[in-house]
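What follows is a set of structures to go through.
Look for subunit A in each of the two complexes below; its partner is subunit B in the first and subunit C in the second.
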Partner chain A sequence: MIEIQNAVKKFDGFAALDGITLTVPTGAVYGLVGPNGAGKSTLLRCLNGVYRTDEGAVNIQGEPVWENPALKARIGSIPDDWHYFLQASTQDMMKLYRGIYPTFSMERYKKLEDAFPIDPRKAIRHLSKGMQKQAAFWLTMSCMPDYLLLDEPVDGLDPVMRRQVWSLVLDDVAERGTTVLVSSHNLRELEDVCDHVGILDHGKVLLERSLEQLQDNMVKLQVVFPEEVTEVPSGIPALHASRLGRIHTLILRMNATEAEALLAQYNPVLVDAVPLTLEEIFIYELGGANYAVKDIVL
Partner chain B sequence: MQSKTLSSKGLFSPALFRNDLVRFWPLWALYLVMWLLMVPAFQFLELFGQNGWGNATDMQAYAMSGVASMATGAALVMSVGFGCLFAMTLFSYFTGTRAVGFVHALPTRREGLFLTHYLAGAAVFIGTHAITALLTALIWSTAGLGELWVIGLWFLYTTGQMLFFYSFAVLCAALAGQMLAIPVFYGVFNCLVYGMTNLIWLLCQLLLYGWTNPDDPALVVWLTPINKLAQLSWNRWGYSRGSEEYWRFLQNGLGTVGVYALVGVVMTVVALLIYRRRHSESAGDTVAMSWAKPVFRYGVGVCAALSLGQLLYIILWDAFGQTEQSPVALVICMAGLGLVGYFAAEMLLQKSFHILKRSWKGGAVLVAVLILVCVALELDIPGVERRVPTAEEIQSLEFRLYGQDSIYGDSEDPEMIERFLTLHQMLVEERPKDNDWDEDALYGSIGLDYTLKSGAHLHRHYSFTILPSEIEAHAALAEQLTELARDPEVWQAYMKERFEPGRLVTVDMYLDSENRTLTFEGDTAREILAALEKDIEAGHTGAYIFDSKGWSANTYSTNLSFYYRAQEDAGNGNYYNSSYSEDVQFSKDYTYLLAALEKAGVDTERLSTYQNYYDEDYNEYVKEASYQNTYAEESQETPIPDTLTPEGDAAIIGGADGPTAVYVG
Partner chain C sequence: MISLNYRDSRPIYEQIKDELRKLIVTGALAAGEKLPSVRVLATRLSINPNTIQRAYNDLETEGYIYSVPGKGSFAGERGNADAARRELLKDKARQLLRELRVLGVTPAELEALLKEGETT
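Let's look at the complex of A and B:
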């Protein structure tokens, strides 16, 4: 489990992390969402031991990450600007990773050779940005990490490779119980892979929920009331209501069963539950459309 | 096993170590090749080349001094250059955000990362030196040479110096957040103490009356490592190659290298401590440590004020042809350039040109401090100008009187010291100006270096050009100056180590009016020297040193050169003969000397003074005389004797263009 308690990290007085508290359960795929400058990359750098927080604790499995080589050996990290040595090929970097990470698996490295169409002897600097990202995944996944920290991981990858990469990551989660913390400024991208989501803004966690919690707490319904009911009855606490012809679209803070029971009092002609997007959930969880969440999550 | 333990604790990474050795091989190879060429390859070519050695002793001596010479000069240059390159290469990741993120995310402690990279560099240079030494030893052994300890000496010298400069550069890398800042810090820190000391002294020279720079204090020399280590190379030339003293000097020099090597180890520890506290996010900053930023900001400001500010002042003041210093102009120049330096440093730190709003207060503080320092010096708050030591404080005095001629020497005689103290006190009180030169002015300079009984030194230098209109105001001072310049004891102090009758060989006198040199030997020469001493005792000397007009009217344009023999240590237990000479200018007042010259056959009536010499008519006369003399000698075809004739005879030495010397026995 990854635990961050009241973490503060300041740069020249500016708080990039401003008292963040966040928990990533073991085996979870945790999506960290936020706009540029929210503190996502800073948080990940605190987690992989690059930055030291000014205040608060950054622990994995109860141990602080800072200057903890044994723990860091179990962390695989792919920053958005992955570094490689100027003259190095993927093969050269593999030798370094193999020497440094005790869990590095040559078997896995060989196996992943088919997944990533890269010439391992070619200098990485001569590869395209997407291919460099693939090389980063290839090497990191070969380290068999227990914790995977990914910062904008699929930026620059084509759709096929995105799917391939996510598939690899999720296989690891399923087979080895890998804990994944993935940051993105795009909520839609994380929708399909994350089981936990946290929103960061201005160095603070605005919201942190499991997908299950989110879906249990909010429902989106399309309702057709009897002809004499033209407006949504005042007894229905709709977070959002819109109308197209006779069809009312309502978003309510309750689960589907409670919502249907409530609407039944008004004898609706039709009640149909519609899946909520993460974006919609966050908008209304964070206080409705007036809150500038669109700026944060889109 | 050991490395495994260290590795498991994250204190050393064998993989990173190997990576360093492999990645940067061109630099390591260059270092190795340069040393292989300079030592074993050179030795091989010398020992087995075409030279053909006469005997084994010569060959051994040549080989030894060849290797030893590489231990100082070449090793210093290599260490200064490659020490910095090694550190920049191995610790370049400090300066890149991506690189530092990658390296610090690796499962190795900061100490481990530092030690791994540091040891990679150290392993390379120690390995290079070991290979070089072994190959050289092999070549020597093949050539049948012994004394392999000299190769060991080279190894210790080279490794010690490289250890110091490499560690120094690593410390700079730990402080710098930008790649280019590493060599800049390295270069500046290497010369900082020496440079700042001299700039402060320059400020004292400009603002403190009588200030003169002392010799570089030992601490300044030690804190300027390139200078101190270069002295090992320069001073080596003071000893004959291969002499016992030469080897003793080099062996003693090992102590200096050892001290610097130890300092290098301390610097490494300091660099490690800095690195542990250094934040990864400082990559890209000019200065990585927050505590060092004010030091950088104000340090650059002060350096700019002292260097560029004073330079601007000197250029401007010189351009305006001013002779008197202007403290106000100096402060303006220093404050202006100090601010430029301060704000430039601030821009580098903030990475922005818009820094004025945030940093003007610091700039104001800097200007205030600069003004305060200049005012304090101008008002002589430290009491430097007023300080005249008491006779009881003084152990000895070195004096220099400069004017038309120069007299210098040293003395421990309390009475003579007292006379100079009186002069010193008068100079401090009267502060004569150093006006533009005027031929009727009393002008010159006085240098006084006191060695105090406390062991301290006090150096003063006063230049003056007292115009006729000011003479009255400085009558007592002028009298004291002239008295000292004529003082027989002062002259004897000047003469005591320079004019040695026992070693006198000849006295030469060039007659410009006749374009020939007279050479006096034996008793004649000794009589001339004795006559000079009598003139000194009689106070005939030095009357016109500060009086340019009197000098010109009374001093002869020719001078006497006293030649002495000396013996030099050849370094191999033998001595060889050498000679040195001292020149003396004399005036019409030197009655004893003139009489001695007359006795030696010189027509002193024909000697010309400087005033005559620069007189146009006289020059015409000299030209004519010289021409006639040459023509007459050539036409008579006078035979030139090979050796000196008995006493009383003369010998003329000359070439195709006429006689150039006449020997008078």
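Let's look at the complex of A and C:
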């Protein structure tokens, strides 16, 4: 279990993390989303022990991460800017990883050779950006980590490789109960792989739910009211309402059954509940926090 | 055996449920046949294993599948589906019938359709 309590991290007085509290249960795949500059990468750097928080606690399995090599040996981390030595090949880096991680499995390293079309003797700096990312995955997954911290992991990977990488990670989750914390902007993809989601904004957690709760907590309805009703009745607490012809599209913060019961009193001609995608939830949740697409004409 | 449509508005676990139901109802998965394990399905579809477990649990409550501890999940007998699911499908049928009536399909034609369904 990963537990972060009231973590604060300041850079020159600017609080990149401003009192974050967040829990990732063991065996969960936790998706960290948020606008640019929300503090996602800073949070991940606090978790892998690169940054020390100014205040609050960052614990994994009840122990603080900072200067804790025994714990860090069980954490696999792929940062956005993965570091490798200038002249090193994948094979050289493998030797480094094998030296640092006691759980490093040569068996798995050999098995994964088939998954990634990389020549292990080629210098990493001569590989393309996407292939460098593949090399990072290859080495990190070979370490058999219990905790996996991924910062924009599939950035720069082609569609086939994205599936390949997720399939490897999820196989590990199903088989070994690996706990995964992943930051990403690709909400469509997170929806498939995550079971928990946390939305970050301005160094704070705006919302933290299991995907199940999240989808059950908001509903999009297409409603046709009877002829005489032209406006959405004021008794309906719609987060968002739009209209096309006679069809009103309403977003409500409740589950589908409650929403249908609420609307029944207005005798609608048609009520159709449509599930919300994570992308819509993200937009509507952050819309309340003054974050919306601004109409700027150039 | 299961294909997901990433442009579909239905949540992934609903899609998995619908696909499995279809396989069981059509007999593509015979009663007592073993379903792929959660791990296999998670890896093959690149989907969170908990999502798949949730779909399996729902299907078990609905009576489409049953699980044997330590062995896995198996397709149940056809016609074991629970009452709630039946009501839901009847509702869908009502909607379809209403639309067919509006389109001018006569009751006689609908009856013929019903007979067709009984023989298959």
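Just so it is clear, the second predicted complex is superposed on the first by the 276 of 298 C-alpha atoms of A that agree within 3 Å, B and C clash if a C-alpha of one lies under 4 Å from a C-alpha of the other, contacts with A are read in each partner's own complex, and residues count from 1 in each chain.
Basically, contacts are C-beta pairs under 8 Å (C-beta built on N, C-alpha and C of every residue); 3 or more make two chains touch, one makes a residue touch a chain.
Every value quoted in this text rests on a predicted model; they were computed, and no experiment measured them.
When the two complexes are overlaid on their common chain A, residue A:A261 makes contact with neither subunit B nor subunit C. Contacts of A:E191 after superposition: subunit C is touched, whereas subunit B is not reached. Subunit A has more of its residues touched by B than by the other of subunit B and subunit C.
When the two complexes are overlaid on their common chain A, residue A:G49 makes contact with subunit B while staying clear of subunit C. Once the two complexes are laid over each other on the shared chain, residue contacts for A:M106 go to neither subunit B nor subunit C. In the superposition on chain A, A:V269 makes contact with neither subunit B nor subunit C.
According to the touch criterion, subunit A has no shared surface contacted by subunit B in one complex and subunit C in the other. Taken in their complex, subunit A has these residues touching subunit C: 28-29, 163, 166-167, 170-171, 173-175, 188, 191-195, 211-212, 215, 274-275, 277.
Touching subunit B in their complex are the following residues of subunit A: 11, 45, 48-52, 67, 69-73, 75, 77, 79, 81-85, 87-88, 95-96, 98-101.
Contacts from subunit C toward subunit A in the complex involve residues 6, 9-12, 14, 38-39, 42-51, 54.
Residues 9-10, 13-16, 18-19, 23, 96-102, 104-110, 112, 279-281 of subunit B touch subunit A in their complex.
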